[in-house]
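What follows are several structures.
Both complexes below contain chain A, partnered by chain B and then by chain C.
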Partner chain A sequence: MEKFIVKYFHLIRTIIAVLIGIVISVLIIFIISKNPGFSLKSFFLGPLLSKGRFGNFIETASPIILCGLAISIPFQAEQFNIGAEGALFIGAAVGTAFAVSTHMPAILHITTVLLIAGITGAIWGFIPGILKAKWNTDELVISLMMNYVAYFLGLYLINYHFRDKSAGFLVSYELPKTAWLAQFVPGTRIHLGIIISFAFAILTYYFLYHTTRGYEIRTTGINKNFARFGGINVFMVIVLSQVLGGFLAGIGGMTEVMGLHRRFNWQLSPGYGWDGVVVAIIGRNNPIYIIFAALFLSYLRTGGQIMNLLSDIPSEMVVAIQSIIILLITAEAFLERFKYRITIREAKRKEAIDEPNN
Partner chain B sequence: MNPIIKSILSPKFIFATIRVMTPILYPAIGVAITALAGSINIALEGIMLMAAFTGVMVSGFTGSLWLALFAGVAAGVAMAAILGYFHLQLKADIIIAAIALNMFASGMTIFLLYVFAHDKGTSSSLKSLVFPSLDIPLLKDIPVVGPMLSGHNILTYFVFIAVIVFYYLIYKTPLGLRIRAVGQNPDAAESVGINVKRVRLYSLLLSGFFGSFGGLYLAMGYVSWFSRDMTAGRGFIAIAASSLGGNLPLGTFLGSLLFGIVNAFAIFIAPLKIPSEFIQSIPYLTTVIVLAIYSINKSRKVKREVSE
Partner chain C sequence: MGTILSLKNIVKVYPNGVVANKGINIDVQENTIHAIVGENGAGKSTLMKIIFGEEIPQEGEILYKGKKVKIHNSLEAIAMGIGMIHQHLMLAPDLTVAENIILGEEPVKWKLFLDSKKILKKTEEACKEFGFEVPLNKLVKDLPVGIRQRIEILKVLIRNAELIILDEPTSVLTPQETEVLFKSLKELKAKGKTIIFISHKLKEVKVIADRVTIIRDGKDIATEDASKLTEHEIAELMVGREISFERIPEAEKTGEAYLKVNGLNYINEENLHVLKNVSFEVRRGEILGLAGVEGNGQTELVEILTGLREATSGHIFLGEREITGFTPRDIRELGVSHIPEDRMENGVAEKSTIQENIIVDRYYKKPFARGMVLDWKKITEHSEELIKQFKILAQSSKTPVSALSGGNIQKVVVARELSSEPKLIVADQPTRGIDVGSEEMVHELLMNARDNGIAVFLVSADLDEILKISSRILVIYNGEIVAEFDSPAKVTQEQLGPYMLGVKRDKH
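And then the complex of A and B:
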């Protein structure tokens, strides 16, 4: 038992943090709701109780998975990237502009639009990446600023050049059907985006853990100087990790537009980039864990929205809860004493076993 | 003359600039203080939101402006204390912890707004007090200068004092000296007996203190209600403003002033139908360019020193 705890300490700590978050939400619901039983049910079981809601849960997950991956690659190289939000926004805006002004057969159209969105996002990652690699400019501040530049430029592009004036809202023209991602589960809006995000998660996993470049990224993250002395081109690693991150975020935004709304309809930044940070932390930057973390987060989100709709608890409770979970997971020293005690006990037990043999 | 150019050249423009600069300068001072101590505080967004919300709620329920002020500042400082506890004591990454706190503030304020005011958008159903505006005698009668500088909210005048307090604190007090020492070389500071953790905690608490005023001004001066996510990125803009100014008192002020000018400009040219999106992106682009130039120069200097 002790051995198990020491070995899987990180996993256990994550689970404990999640449990604490859930316990707090249950407490909040009991304190505030007039009908706590019903609120709890709609929160925890809501996404499973109807086909449409289950669909909401799955469709929310796909941009979050892609943004989680987008954040995790630079994180693995110990680079901060909170520019996923901007890369996603500008990627989707430019991709939309390209989609509505071109005509192509379906498969080609989908691929080129996704590529354009990804490349636009990649440019957004390249800027903080190259500045950091070459001149050690703080990538955090630069990527934050680039978020705003992306936001305003994206809005300008859509609202002034591709706005559908007949729509009554500030939205772009509808994408041509050839650029739609099919919604393939009848009765839901689940679209190919989820398949694309799963595919990219597997690709990212393969890239990080089974290729030389991936190894270089992880080594740079663990110890930059060691990597440099070992002959790794740290400059390239920093730029590459940010470019790949931006690319994935751009695709994440675009799949949402192509699969769900079929128009660019964001007047505010949708916040998936920040969700990406959340799932990258919960999933400890491992692409496969990130899938589960994103599913977990979107389950909570969907449950929160259903509860918001049916009962008297606002969905924003989930945002507060998820932030508590993140705080606990990132707190290195949280439960550290517990681990320490367990380790000591384990060592003593071993000693006790070894002694009679001497 | 074109009426819009005329309005930009009028004293009203300067008045507007100072007005929109205020909620950027407060958090910028906060960012600068933590930056001088060698860490970065990107939680000012959340600190301001919490302070704004608490101020509005307390003023709405108690009717006391003083209580609202104290509660708002206490809420902001408490947020900073949580950040400090998680970062310094529980060894959480300060950036991720700050991101979490920003999310927490955004979610929690909307949640509580709904619970207390049964609205998820604004607190309009709850009457919030506002901090008074001041007409400064004598000054207000001077032509041109009077309409620029008189009639501002009391918290706007206070922000100028805050810059001076910041200057005094950093350069003239033992704590300021310690903050700078820790920022420049924490190991050296530690070796002469400075408690690095404690100094960083103080710098975070101070940033929470100054940031809170920004939040309070926003909800109880700039407007007279709380609305969801009303800080709208000002806590992040503050990081740009203080970085632009090298985290020094005068620089931070000038950096915030630049953002004030550009934002006021965007408001004034709105009737022209020039896409305001362009104008609004200027300060962010400027920050990127200035930071890039700054770091290019710095790395050249380092290289030169190494080669000599």
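And then the complex of A and C:
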């Protein structure tokens, strides 16, 4: 049992953190709501209670997964590039611009549009990457600033050059049908984006843990000096990890446009890039865990929206509850003493077994 | 003469599950010099940290002057009269000597300003009282290690320490500096102080210690009067088996010069001339030893040779090929191995597994990768083989390096560097801080490499090591090669000392 605890410590800690977060949120709901039973139900079970809402839960997960992956690759290389939000936004804007101005058969159109969005995102990763590699600038600051550049540049592109004036809102022209990602579950808007994001999660996992480049990225992240000492081109790794991250974020933004809205309709940055940071941290930068972390987060988001709509709990509380859960998960020292005590007991028991052999 | 400190059944488990002390019992008599010896990883340093309050044991009792005490931090230890001089000196380099000595209890004027006159007076008195001469007004960063260590000792004395712990104090000193230290320690003993002295240099233990405790694998094996044990007996108790101390005969034949370094200069970021016109050759089938006190340009030289740093001017050749300015990968591809000075910083990625550490120079080559895809099965097989061959104590090749002891971590490094079929091995402090058993193994492997016609460049601050296995010896001081000895068999440590300190020089 104790061995089990030590081995799966991170998983157990995550679960306990989630449980504590839930307990606290239940308490808060009880304090605030006039009808706590109903509020709780809509928050925790809401996403499962209708097909449409279940659809919302899955739709939301897909850009979060891609952004989580986008963050995890640079994080694995110890590059704190948090530019996924910007890469996603500019990727989607440029991808939309390309999509509405070209005509191609469906499969080709979808691939090229995704590729254009990805490459645009990649450029957004390349800039902090090359600046870091060449002049040791802080990629965190640069990528943060690049987010603003992406946001306003994207808005400019859409609002001044690709705006559909016949629509009543500030949105782009509708994408041609050849660039749509199919919604394949009747009664929901679940689209191919979720499949694309799962595929990329598996690809990213394979890339990080089974290819030479992935090994270089992880090794550089664990000890940059060691990587250089061993002959790894650390310069290249720093740039590559951020370029790949930007690429995935760009695709993440584009799938949302192609699958869900079929137009670029963001006047505010959607925030998936920040969710990506959160799920990368919860998933400890492991692409497979990131899938689960993203599903978890989008479940919370969807449940929160439902509770906000149906009950008297404001959505602000939802964000507060999410934050408590994330805070507990990311607190490294949480339960560390408990683990230490178990480790000591384990070590002593091992000694006792070894002793007679000596 | 009573017992000043008595440790009873001390058990210490670290958070990562390593059991450093498994029930240690030691009595230290008042007014003696008590040596504690043991291989690295045996638990000496942990034990000292426990006495000094830097680590808290899980079990056991500490009796200080007959009273049971619990020491929670080093301030409590200092208040009780226990002082410690760490292996890596802890001084503020930009403060003067006097300020360093007084740091933490500075006399102040009007509760706000330093009273520099009083500082000088107090420190001067202390110097006189204990017979220590140090330049009180100089900045610590301008002084050699030997003097810095004396400052540390003074720091402890001025706080009225009665029990002074020195953790491997001689590892950074030249033979001459060591002598001065020993003289001071004897004087302190004459003044009634008790000294705990940690070392793994047995010669020194015999010279300085009254009593000696041998620790092996977290347990105290024996405590004896130092005069009753020979060096050899202590060594055997330390490792638990027979070991040899003799100088190993040289290889029969040396080949042509393989590594040629020509007029190498290096000026660092602070505009200091770190390497001055360094030229030498390493021949196939020889071990060229570079002796010198640390910080005289060795680190920079090795980094330039292995491509980690760029020389300001000069040329490096491997065989006929000039490799100046090559990348680390290019240089490794040409058959150069590098055992780095700081294994935790450069030699391993601590949180990676053993196998991931072993493949860092070969992961992209067949059979470990086909194209871009890694073959983990082949990698595991290869790593398990090396673990066996180099006797690395680990559960499997997937064990993280952080779970290994210092000696075993070094074995991982050595296993990687020697299994890459090198033509030149650059070994920088290859046995620093590892146990006698692993040290012997590393020496043997380097000599086997030599006998197989490999050129070996050994950089070491440990003169025993240099004298034991080198075929030729160079001495570096302040970035210059100041002496060369062609037959080390006739050289003694005392002969090398003056060159290392810059007092003497042969080459211009």
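Just so we're on the same page, the second predicted complex is superposed on the first by the 348 of 358 C-alpha atoms of A that agree within 3 Å, B and C clash if a C-alpha of one lies under 4 Å from a C-alpha of the other, contacts with A are read in each partner's own complex, and residues count from 1 in each chain.
Keep in mind that, in the parts below, a contact is a pair of C-beta atoms (placed from the backbone, for glycine too) under 8 Å apart; a residue touches a chain by one contact, two chains touch by 3 or more.
This structure is a prediction, so every number in the text was calculated from the model and none was measured.
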In the superposed arrangement, does A:Val26 touch chain B (first), chain C (second), both or neither? neither
Once the structures are superposed on A, label A:Ile195 by its partner contacts, choosing first (chain B), second (chain C), both or neither. neither
Between chain B (first) and chain C (second), which does A:Asn136 come into contact with in this model arrangement: first, second, both, or neither? first
Would you check which partner chain A:Leu327 touches, where first means chain B only, second means chain C only, and both and neither mean what they say? first
Quick check for you: in the superposed arrangement, does A:Val185 touch first (chain B), second (chain C), both or neither? neither
Quick one: classify A:His210 as touching chain B (first), chain C (second), both or neither. second
Looking at chain A, which partner touches more of its residues: chain C or chain B? B
Have a look at where A:Arg228 lands relative to chain B and chain C in the superposition and call it first, second, both or neither. second
In the complex, chain B residues that touch chain A: 40, 42, 86, 89-93, 95-97, 99-104, 106-108, 110-111, 114-115, 120, 233, 236, 239-240, 243, 275, 277-278, 280-281, 284-285, 287-288, 291-292, 294-296, 298-299
Residues of chain A touching chain B in the complex: 32, 80, 82, 127, 131, 134-138, 140-142, 144-146, 148-149, 152-153, 155-156, 159-160, 274, 277-278, 281, 314, 316-324, 326-327, 330-334
Given the complex with chain C, which residues does chain A contribute to the contact? 6, 210-213, 215, 218-219, 222-223, 225-233, 336, 339-340, 343-344, 346-348, 351
Chain C to chain A touching residues, read off their complex: 11, 13, 15-19, 22, 58, 306, 308, 327-329, 332-333, 338, 340, 345-352, 356-357, 359-361, 363-364, 369, 372-374, 376
